[in-house]
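First chain written, first letter: the chains are A, B and C, and each begins at residue 1.
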Amino acid sequence: MTRRFLHRLAQILPTALGALVIVFVLLRIVPGDPAAAMLGVSATPESVQALRAQLGLDRPLWRQFLDYAGGLIRLDLGTSLAFRVPVAQLLAQALGPTLLLALGGTVVSVLIGVPTGVVAALNRGKPVDQLVSVLALVGVSLPVFVWGVVLLVLFTLHWRILPASGLGEGIGGTLKALVLPSLATGMFLAGLVSRITRSSVLGVLGQDYVRTAWAKGLEPMHVFRRHVLRNALIPVVTVVGLNMGTLLGGVVVVEGIFARPGLGRLLLDAIYARDYPLIQGIVLVSVLMTILLNQLVDLLYTLLDPRVTA
Amino acid sequence: MRIRWVVGAVLLSLVLAAASLGGPAEPDTLVIVFPSHQGTLDGHFAVTTQDMLVVRNVYNALMKYKPDTTELTGDLAERWEISPDGLVYTFRLRRNVTWQKGYGRLTAQDVKASFDRLRDPETRSPFAGLLSMVREIQVLDPYTIRFVLSEPYTPFLHLLTNYRVGPVVNARAARERGAAFAWDPVGTGPYEVERAIPRTEVVLRAFDQHFGGRPRIRRIITRTVPDLNAMVVGLENGQYHMLYSIQALDESVIKRLRERGFSVTYYSRNLPRVLLMNVTKKPLDDVRVRRAIAHAINRQQIIALSMAGYGRPWYSPVPEGYFAATTQVPRYEYNPEKARQLLVEAGYRDGLDLPMQVFDVMKVTSDVIAEQLRRVGIRVQQEVLDQPTFIQRVLRRDGSISFAVHCCVRQPDPDFYLSDIFSRSKGGAIYISGLDLEPELAAARRETNVEKRRQMYVALQRKIMENVWMIPLVMEFDRNVHVPQLRGMPRRVEALWGLDLSRLSFE
Amino acid sequence: MGRRGFAGGWETSAVRRLRRAIRGSWILWIASGFVILLGAVAFLAPYLRLTDPFAQSLKRLAPPSPEHPFGTDRLGRDVFSRTVWATRYALAVGIGTVGVGGMVGTLWGMAAGFSGPFVQEALSRLVDVFLSFPPLILAMVVVTLIGNGVFPVVVALSFGVAPRFARVARAVVLAVRVQGYVEAARALGASSPRILVRHILPNTLDALIVLATLTVPTAILTEALLSFLGIGIVEPTPTWGNIASMGQMVLREAPWVVFAPSLVLLLTVLSFNLLGDAVRDALDPTVSRGVWMRRVERAELEPEPARIASRRIPAG
């Protein structure tokens, strides 16, 4: 078990490191200067120089990278240039809301996508099937910001039942504040999941072993749950895993619309301020999230499909 | 140890997500929101208007402006004297000033320590250079402090207001807290910082021992809400009480909020919007081209389209409300025909291609102007930069920023502003012109006779406008939307950044 | 009707199937028509007698009228005209990204497929690295580095698209390499370029075409998100994303500013998606492609194709 874990780690590390190096180097050759950003319109050449020195930006590139890499091992991601607090602190602050939203979006996509896909598959060719397919296609094609803005206005102003912004207080409040953003974020993936579920269920339904089970006289519902659903869900898991990156992209936009202080907002601020350590930190975190989520998907395979050896 | 810290912070953030960060406000609390985040609350580093909103109220300075005016008066200073040669400034301090958070009474030594900290190379405050004319700071007795300058500097008193070099910070606390001082400052102002979460909110609590008296509103929370929609909805839902300095709010939204009973306060911050250009390079080195541009500008349209109507056309280099502001300068009225004519005269019969650099805050205004110029045959190629890149390129002084819409608030003395634009040695983030008017500016800086000084600036402004070395556009009004119960907002002018929160109260 | 090794045969059968599919379904008919219309509009935009998309006026936020079919925006500009002009940028980005990213990715993947184990491993790791960046975030950072404009956006989006092409290309090359006929051809003395062109390329094209047609709408959508955030193609250049972004704040007062471009965007992406589905069905493996195509599809859908023994994943 540990060996498997270490093996996974060995797979993740080079990827993560590669991503980090790329981001680090590219950010250094960028136009724009964090010191100038922080001083704003009150900057003068001397003050910018002074600030650069204070922030350690005048040291050679390799030196800066070594310091940064060294810090990483200690889980020290450096200090934010714009906010003068540890990057790890800002990331930790922002991670919660973003993870919640990513989770919410995924849950929404599965809750909407799987049942609709199943219904469509079981009613193949009938109007229900066509309706679901159209809706799924619309879900996949409609940009996330339209969903977000429409939901915002409909549910917070027209029918004032949900909060328009912020994170909410208490468990109930947090959940209430999660509903609309999750719906907006998850729509795209819901459409995908619906389509994949449909074709996957159809595929499995045509399999020999399913027919055999039916022929043997097993209860249809039982057959369905044990055989059909389980196997049909495998590509769904794949698709969800593959599209985590896109989901995170949607989260960035939705966080802005619903004023949730998560990684999306943090990234925009960091880019604006040329806050190198912070940008690196965010990219690193999102890369790690994507990688870990993919590993999670792999793990789910082993649960769902006994033929797969982890 | 770090791992535990990070894990703890992640858990904490999840808990915070479930905890109250957006709860309904208690009646005794004022919640102010704005779209951008604060960078620091350390008075010697604060730059943005959101920083200043808090800094203004956490610290005091030696001087301040009488409310709703641009008239100087004492803040921490009770009396002051200026020597006839303009080199020695002596201040007698108030005796009843207490530091926040238990740091005792304020003495002249503390004030000196604050300025020493500012000028200490170790601190690396970006504003240290602004006090280069101060040769020495002497403490004469526990309540008397003296500044000795190396040359006369007439706007000196303005420098000592609560902006950049002026805030009196507790140097001991700064030393003790180190980097944490940026979010846990100690001053003498009417509000002290109870809690600060960078990028999210700052909670201020009334400092009852403030020498100016007990502030009426007990708690003030300033919060960053990046989305304008969410901000407006929050105001309508009762989550927020004031939208601070909302220049980007569309007129139709303001109208709707007004109809729903909210108050819209606007006042001058002596904030100009101007067109700055490099007049030493083609094609802008030809005065006819510059005049053509000036005639192509329709200020009313700029105000209507990009400022929601909250502005006033302005034609002089020194912003309205400053000392030596005047309207007795050559004016170039909106006249597209004349503009086209001038271009033909200058040899641009088929129009002219003009690069323009834009930084995001000025985007909409730049778009409006670009379109106005297009109508007279000047094809503007916009290069949109964000503020960091823009400023860096200005500071590089390589001429890559040659034509841009700009703004900036300074203390209401023309020296700061004009030097920044036209002095090679003192110019800063708005030195685009390529000119050096330092001789005239230095002379005006040193002139101690008020009337003579005014005349010097008037003459200088006339010269600037005769040559069209810059094109003033509008004076902009600061705009706030708030609940009608809030009283105490400025009516005419707020001479500095931020608001005096101690003057606010709920009816 | 298979075309293993025969470069000529597949085109006619696939295209025939595609045409039959479109003719048979009225939805696909409309979708293709819409796409063609978009292309025409994008191309002809300067010649149509549209209101100047940059002309500002004091008639801000005017509701739709004969003079302004989609109303006006916050600067008094005609939203219809801007929406039409935005088509050019959307299509340019969509097709440009697939072109650039597709080419780079295919070469990358084929290089990986052909190389020895060490190089292949390195190139594949590189694919993993780039695939681990969420595409929008990657695009945001890249655009910040290079600057704003159509070309930077195409480059930025290509960073996210190329690895996916690389993956497919590599899997196809690998799959085809183990096919008997490649060895046979080699045994018969065929040179590598000849193998490449006559055997590998045609097999690769199918998978890549499917990927390409489905990448166009993704690219258009991602660009819309970028310009909605104010990054990439910025004002005053009109894109559907930035028109909607400017209208966000006045959604209640002037909903047309958000909904008009969003509707057009929706229809565009929808049409491309429908067509993409049709293309995929036309080139569908279960009809005539054969085993190798299945493996390609699996490669596209799974992280480690080699690990999973023999699972059949239905196309869809």
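A few points about this structure:
Assume a residue touches a chain if its C-beta (ideal position, glycine included) is under 8 Å from a C-beta of that chain, and two chains touch if they have at least 3 such contacts.
Predicted, not measured: the structure shown is a model, and the values here were computed from it.
No other pair of chains shares as many C-beta contacts as A-B. Closest to the protein's overall CA centre, chain by chain, comes A. Averaging C-alpha coordinates per chain places the centre of chain A 39 Å away from that of chain B. In this assembly, the C-alpha centroid of chain B lies 47 Å from the C-alpha centroid of chain C.
Note: centroid distance chain A to chain C, computed from Cα atoms, is 21 Å. Residues of chain C in contact with at least two other chains: 248, 251-252. Touching of two or more other chains is recorded for residues 229 of chain B. Contact with two or more other chains is made by residues 31, 149, 157, 256-257, 268, 271 of chain A.
The residues of chain A lying in touch with chain B in their complex are 31-34, 36-48, 50-51, 53-54, 74-76, 79-80, 82-85, 88-90, 92-97, 99-100, 149, 152, 156-157, 160, 163-171, 173-174, 177, 256-259, 261, 265-266, 268-269, 271-274. For chain C in complex with chain A, the touching residues are 125-126, 128-129, 131-137, 140-142, 144-145, 147, 160, 217, 221-222, 224-225, 228-229, 241, 244-245, 248, 251-252, 258-259, 262, 265-266, 269-270, 273-274, 301-304, 307-309, 311-316.
By the touch rule above, chain A contacts chain C in their complex via residues 14-16, 18-19, 22-23, 26-27, 29-31, 137-138, 140-146, 149, 153, 157, 195-196, 198-200, 202-204, 234-235, 238-239, 241-242, 244-246, 248-250, 252-253, 256-257, 267-268, 271, 279, 282-283, 286-287, 290-291, 294, 297-298, 301, 305, 307-309. Interface of chain B with chain C (complex): residues 228-229, 232, 248-253, 256, 301, 304-306, 360, 363-364, 367-368, 370-371, 374, 382, 384.
Partner chain A is touched in their complex by these residues of chain B: 2-3, 5-6, 9-10, 12-14, 16-23, 37, 39-40, 47-48, 121, 124-129, 164, 179, 182-183, 197-200, 224-227, 229-231, 233-234, 236-237, 239, 385-389, 391-393, 395, 397, 406-408, 427-430.
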